[in-house]
Amino acid sequence: MEIMQVMGTLVCSFRVAGLDHMHLRILRNAKGKKLVAVDPVGAREGNWVFTASGSAARHACPDNKVLTDLTIGGIIDHWNPDG
Amino acid sequence: MEIMQVMGTLVCSFRVAGLDHMHLRILRNAKGKKLVAVDPVGAREGNWVFTASGSAARHACPDNKVLTDLTIGGIIDHWNPDG
Amino acid sequence: MEIMQVMGTLVCSFRVAGLDHMHLRILRNAKGKKLVAVDPVGAREGNWVFTASGSAARHACPDNKVLTDLTIGGIIDHWNPDG
Amino acid sequence: MEIMQVMGTLVCSFRVAGLDHMHLRILRNAKGKKLVAVDPVGAREGNWVFTASGSAARHACPDNKVLTDLTIGGIIDHWNPDG
Amino acid sequence: MEIMQVMGTLVCSFRVAGLDHMHLRILRNAKGKKLVAVDPVGAREGNWVFTASGSAARHACPDNKVLTDLTIGGIIDHWNPDG
């Protein structure tokens, strides 16, 4: 799993079926790359989270047929990115 | 999922079975790398989209046996690549 | 899927079961990295092809239990790597 | 599999179901990147371990439905990172 | 699949179940990165091999539930890394 920070929410009116009702967050990884993740935990902007990728990302959702390759798995209590 | 921009359509007359009737788009990611994705949503050149990769890419297609490792999942309403 | 160019054929007399009778091609990606792919379409040296990776690579073969993580999916009609 | 060193334990009170009772370790790979892994072997800070990623990470756990994309597979007896 | 060179054998007394009796080799890829692979073919130090990653790595083993994300698929007859 990787550690990323939540930057905001992605608005995407026109999308494929299988993602309805799931929030999409914009995350930034340690290198500054922006990624999009499904969020089943309700993370907020600025939160540090860990993410599961690949097929594990689907197991992290209530419905494991949700179309995702990156899902937020939890919010980290304390994180110092340089520590 | 990753955020990419549509550059055009890939013409490929000779290909394996299992991709028939699906459009193939050429996308460019944040680093400028060109990738090929199956497009079930009808994205147009210049659109910013998010893509699902790996096994999730197949779940994003109407027929989940389609041979793909990258599928467009939705068109982003507003995106500022530098914002 | 990624776009690569065929460089040649890999000769490998001693290999695991599950790849017999499949041709192995040496490909070069946009960064110059050399990779090995199963070729069900009969690509030739110099051809530009697109490849499916991961579990999708197996779906691209006639027998989807073939041991592969990279398979040529089609030959591109026209490709200008710098275009 | 990759070789990484254990840096510590990740504290994460609020997380999705499917990871309960599994320890999460912070690992550092050869490039210095920090990753989070499930630890079924009881590795300690400073240990050199090898990790399985992707769907193999789930097979490395007692319960193979555990939500993980990176799992510690074993502790290496002797390792010289520069050797 | 990728082309790598065998550097040696990894000794790992304490590891998870599901890898017993399989040899673990240390490999080096084209960039000099060291990786660990399961070896069902009996490769020796200095051999050039090709490897299957991801879920394909499990199909390359006699028992396809073996916990691996990288498996040696064959020994290359002739290879010139700079050729």
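When the chains are written out, they are named A, B, C, D and E in that same order, and each has its own residue count from 1.
To be clear about the criterion, contacts are C-beta pairs under 8 Å (C-beta built on N, C-alpha and C of every residue); 3 or more make two chains touch, one makes a residue touch a chain.
Everything numeric here is computed off the predicted structure, so don't read it as measured data.
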| item | value |
| --- | --- |
| Degree value of the rotation bringing chain A onto chain C, based on Cα positions, nearest 5 | 145 |
| Whole-Å separation of chain centres (CA-atom averages), chain B against chain D | 32 |
| Approximate Å spacing (C-alpha centroids) for the pair chain B, chain C | 20 |
| Shared interface positions of chain C, touching two or more other chains | 53-55, 57 |
| Pairwise touch network: line, ring, star, complete, or other | ring |
| Chains in cyclic order, anchored at chain A, direction fixed by chain B | A, B, C, E, D |
| Of chain D, residues touching chain A in the complex | 10-16, 18-19, 24, 33-37, 53-55, 57-58, 65, 67-70 |
| Chain A residues within the chain D interface of the complex | 1-3, 30, 40-41, 50, 52-57, 59-60, 71-78 |
